[in-house]
Amino acid sequence: MIVILQPDVTEQQIDHILGKAKEIGLRTNVSRGTERTVIGFIGPEDVLRSIPLEVWPGVEQVIPVLAPYKLVSREFREENSVIKVGDVEVGGKRLVIMAGPCSIENKESLLRTARTLKKNEGVSLILRGGAFKPRTSPYDFQGMGEEGLKILKEVSAETGIPSVSEVMDPRDVELSAKYIDAFQIGARNMQNFSLLKEVGKTQKPILLKRGMSATVKDLLMSAEYIMAKGNFNVMLCERGIRTFETATRNTFDINAIPVIKQLSHLPVIADPSHGTGRWGLVGSVARAAVAAGCDGLMIEVHEKPEEALSDGPQSLTLENFASLFKELKAVAKAVGKDI
Amino acid sequence: MIVILQPDVTEQQIDHILGKAKEIGLRTNVSRGTERTVIGFIGPEDVLRSIPLEVWPGVEQVIPVLAPYKLVSREFREENSVIKVGDVEVGGKRLVIMAGPCSIENKESLLRTARTLKKNEGVSLILRGGAFKPRTSPYDFQGMGEEGLKILKEVSAETGIPSVSEVMDPRDVELSAKYIDAFQIGARNMQNFSLLKEVGKTQKPILLKRGMSATVKDLLMSAEYIMAKGNFNVMLCERGIRTFETATRNTFDINAIPVIKQLSHLPVIADPSHGTGRWGLVGSVARAAVAAGCDGLMIEVHEKPEEALSDGPQSLTLENFASLFKELKAVAKAVGKDI
Amino acid sequence: MIVILQPDVTEQQIDHILGKAKEIGLRTNVSRGTERTVIGFIGPEDVLRSIPLEVWPGVEQVIPVLAPYKLVSREFREENSVIKVGDVEVGGKRLVIMAGPCSIENKESLLRTARTLKKNEGVSLILRGGAFKPRTSPYDFQGMGEEGLKILKEVSAETGIPSVSEVMDPRDVELSAKYIDAFQIGARNMQNFSLLKEVGKTQKPILLKRGMSATVKDLLMSAEYIMAKGNFNVMLCERGIRTFETATRNTFDINAIPVIKQLSHLPVIADPSHGTGRWGLVGSVARAAVAAGCDGLMIEVHEKPEEALSDGPQSLTLENFASLFKELKAVAKAVGKDI
Amino acid sequence: MIVILQPDVTEQQIDHILGKAKEIGLRTNVSRGTERTVIGFIGPEDVLRSIPLEVWPGVEQVIPVLAPYKLVSREFREENSVIKVGDVEVGGKRLVIMAGPCSIENKESLLRTARTLKKNEGVSLILRGGAFKPRTSPYDFQGMGEEGLKILKEVSAETGIPSVSEVMDPRDVELSAKYIDAFQIGARNMQNFSLLKEVGKTQKPILLKRGMSATVKDLLMSAEYIMAKGNFNVMLCERGIRTFETATRNTFDINAIPVIKQLSHLPVIADPSHGTGRWGLVGSVARAAVAAGCDGLMIEVHEKPEEALSDGPQSLTLENFASLFKELKAVAKAVGKDI
């Protein structure tokens, strides 16, 4: 931790700060410049972080030296983590596709969708489908609940495709675990720490979506919550952030893909459906995400977007998905991925 | 709902749209301009909202006519709602102060703090103090939990000041309800819909904080979630939003105060502590919020901010609070509030 | 300047960095922690800023110790600067009001407006009115140009109220200087450095508006551009920033008022008309800005907003202004201002 | 234009609105729903835009039907525009690379850089280099001015590579035109309307960079300013927007590429150097932009970034550029571009 002192700091205040440091058991390094004195605190930053140095008399600014996350960082683990969802490996050489409808609506439709998706040659597939839906309005369709999870499990069993589905409530973690292969934590719950701790106690893979106004650092800290509980099977998902731009539902943060890859060993999934909010843009941004180096994509598809119970405007038809997938294979190959 | 059609829409597509509208039982009004045709859908917008009109062939843009919230709106209830927290009325003529430490740390300190706060002449006081703390890092102090709630209840009983404290987990709602007079829903949980539904089932007053990237409309929709479950005792809290500005922890959205007052009958509380993140700015923004017409303030105070276990940098000392309160009384009087 | 080194930095890289520092003539202070080595560079930060330390091998992060501005800072000048616009003092004990129409439309209307504004008892008034208008669309009314400036000068002379008007083009600075008492630099031109240098060469007072996505630091740097040319008569204007919120045209950054007051000796003017974009919100935010400690307000008024050639939706009628002014007097008095 | 009326609008107010519409010569279509009455104005939206309908009594909301731009839009011109910069075609089937140092520093270095860049097999190259530099600080290197332009012209002539360079001041347009093949309008000047009009009077190609807080619509309106003056040779440049994320200098808005391609016929250039601000991220985002469908890239390169006079941290070495270019060729081919 580096502390920059105010220009009018007194010797007494400096002594007070150095004294406190000694009390806590930290070494210090004082550097007196012409305009400012700077103190470096040497020792465990965790201890230092919990102290409100900013309000100590004479202090102008406090600057941490280390990142606040550990288990998620490349310094902790140099090679990429590969997470297994069913038989599908996420984070390896092969691009993974998580596709399916926003909400599970009925078994027939989900089964047809899954079977059609599977026909895409070479696809490494995970089936997505929401049973618990976080809707902005209490009057909107809230999902089928456990009934939906049952359908997802049946379709998953009949097609051999592993599944991922959102869990919103710590009380549903145990129940959901019976039906699905991976938990999704939605953007709105990225800092629902009770929920993070609860899924952290399981060993299920977790797809953690970035919050709408979360920095990359915030996202990594939320992953750290899960890993600190012992579950290391975390996949991070960039799904667009909130900005002033209104032409799209969110602004997909393409920079985040290489940034996360530099800072962390965890796999990165891109969600161009939420990242744009408009199906006509999904293809371009999906291709871009693959070119930027993501490990997988999450894409909303629907047999008939015109009749979808949620997120119709951003869902691809199965035909559109099939032609997009061909393009994605070409781009993935161009950047050295297997597919 | 108003639907603007694409310039190259066909008559067949228009017929398809009008046919569907008839099926659902809606009247339509077609207006053909030189460059665009516009269809007005007349009927319940709820039904319309659930249909993904944006993906219907020939549709360019869909514009709702009505706001998506009802119970929170001034159209639903014209006069201001007054919510009772213990004996304190929030939303009436008198400015309310919710003050206390970020985290409850021990009984002695909280009791001293509460007693000192109460000495401020004319203050209409609610005691705040966190027992469950949503911390960005899993390694930071997470609050005292139930132990903290017990302390809060005792101090509240001994001083006669009603209490408010954050609840983060739907499983803690029942427990917390035994100890406190009002629930706080934190910014990170503003769209934790499971939690909103759970507190919506009680009749306890709820202080709902605006999410860091929530629009005013999003905030009102979250309040609607609570009210739709039957709990009308909701207070809204502006606590700063996330912007590109790094000079402050958040950007306090002063505009939101009159905007909410126009759109809703619910009381508005301002939190300049989180809205700025620096104690040296709290006073100015607190005065501003009162001048803008808020119904109350939430302010973090601490006996010794230098030793606070959380949010020290944005906490006022008890002395600073006392002089700020005098200023607030003057401003409140200037804008016609009792205090 | 503080440089944090990468965990895997080599001794050779450290030597390379220390060698370069010596070459440039800087002292260094090396602090070796368990996880990172930190080097403090002691010497003129200006020199250091121009060196891309970030790309030197072994460097992880570069942190400046000093603010990049000088002349604008409180460290340079402790007491508040008072700027004279005609006879009106900005930055002193008295709250200043800059009011008038968005665009100058004709002499009669401007004269009536000025005379009515002047009738408000106790007002310390500057007349605003745009002759050169920066409009988003090339098809919108672009202002009356020099004709408008002539009208402004005449009205100013007949009423004795000094004037302020926007200059957009360095080629118009000399011309405009003949007609007006203060230049306004608009938000879109805050980083039009050619224009800043040009007005910096005059001694006219300058109202510098904050850019829509400018941080407070950026704003201070733009003021520094003007002052570095020798013109110290700069007034800073907070007029709202661009955020994700769509309920208002901009988000008025109330925090910026006390932040600027802490960092700089220059006066701060608040523009609630642009800061909100809706006349029904102007009053609340104007009162708030005064309570937060601004030195003056810029408010758009129009005889008949319904017929204004620009910014009608955010203009107050003269009657509304008169009642707002009474409220402002009360708030100003409550926070210790003369009016 | 569609006007939604307030719930308590009176018949008199409706008559007033309809009467005014008739006066201006517009047809109207009144649609009375159960909760709101909606009026459609049929006629030229330009006329309507200039009227502040929002402040007319009884009006709740005003919604335009048409986009405010014309000449830039796909409706005006369906096929892609191809702009010639020297011999290089921008907007056609071949990906264009604009590369070079941030600032021109001396002839030898620029010549070496240009020659090395040209060696990349198959590159369709434009040489960039700044002579007038918009620096945040008045104390930073401001560019070599005309001397720099002369160097650029000489290097361009000796290597046969056309050039692009920023112009910041309307007074420099004529001078700059003598030396360079295309003007660049920087992000900070995107709404410097005097400058836009001045370059609009020439026939030189213009690279118009998106402002840091400009929406795509704002960018298109600024292009419209240039085209409305008669210069149709406009290229749009996405270079990152300002958001809350601090891990990167800007947030590159990848969505903007397909959005602009849908709305406009003008070519889109991506600038991953400014879009990220860190050379280690430039490659990933460059690949992504190509995969998303951009027509060209602008990339800062420097012989020795460690010694660059500006933007060193985001500049690629010539070696790094060469290996990136190979990757770009692969991605371009994968998405059907020639290179």
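Here the chain labels run A, B, C and D in written order, and each chain numbers its own residues starting at 1.
Quick note on the criterion: contacts are C-beta pairs under 8 Å (C-beta built on N, C-alpha and C of every residue); 3 or more make two chains touch, one makes a residue touch a chain.
As the structure is a prediction and not an experimental result, all values here were calculated from the model.
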The chain whose C-alpha centroid lies farthest from that of chain D is chain B
Taking shared numbers over all numbers used, above half giving same and below half different, the chain A and chain B interface sides are same
Taking each chain's mean CA coordinate, chain A and chain D are separated, in whole Å, by 31
When centres are defined as mean Cα positions, the distance from chain C to chain D in whole Å is 26
Residues of chain C that touch at least two other chains are 213, 241-244, 246
Listed in rising order, the residues of chain C that touch chain B in the complex are 213, 215-217, 241, 243-248, 251-259, 261-262, 275-276, 280-281, 283-285, 287-293, 327, 330-331, 333-335
In the complex, the residues of chain B that touch chain A are 46, 49-50, 52, 54-56, 68-69, 134-141, 168-171, 188-189, 191-194, 211-213, 218, 221, 224-225, 228-229, 241-242, 278-279, 305-309, 311-313, 315
Within the complex, chain A is touched by chain C residues 2, 4, 7, 29, 31, 33-36, 38, 40, 42-43, 63, 65-66, 75, 242-244, 246
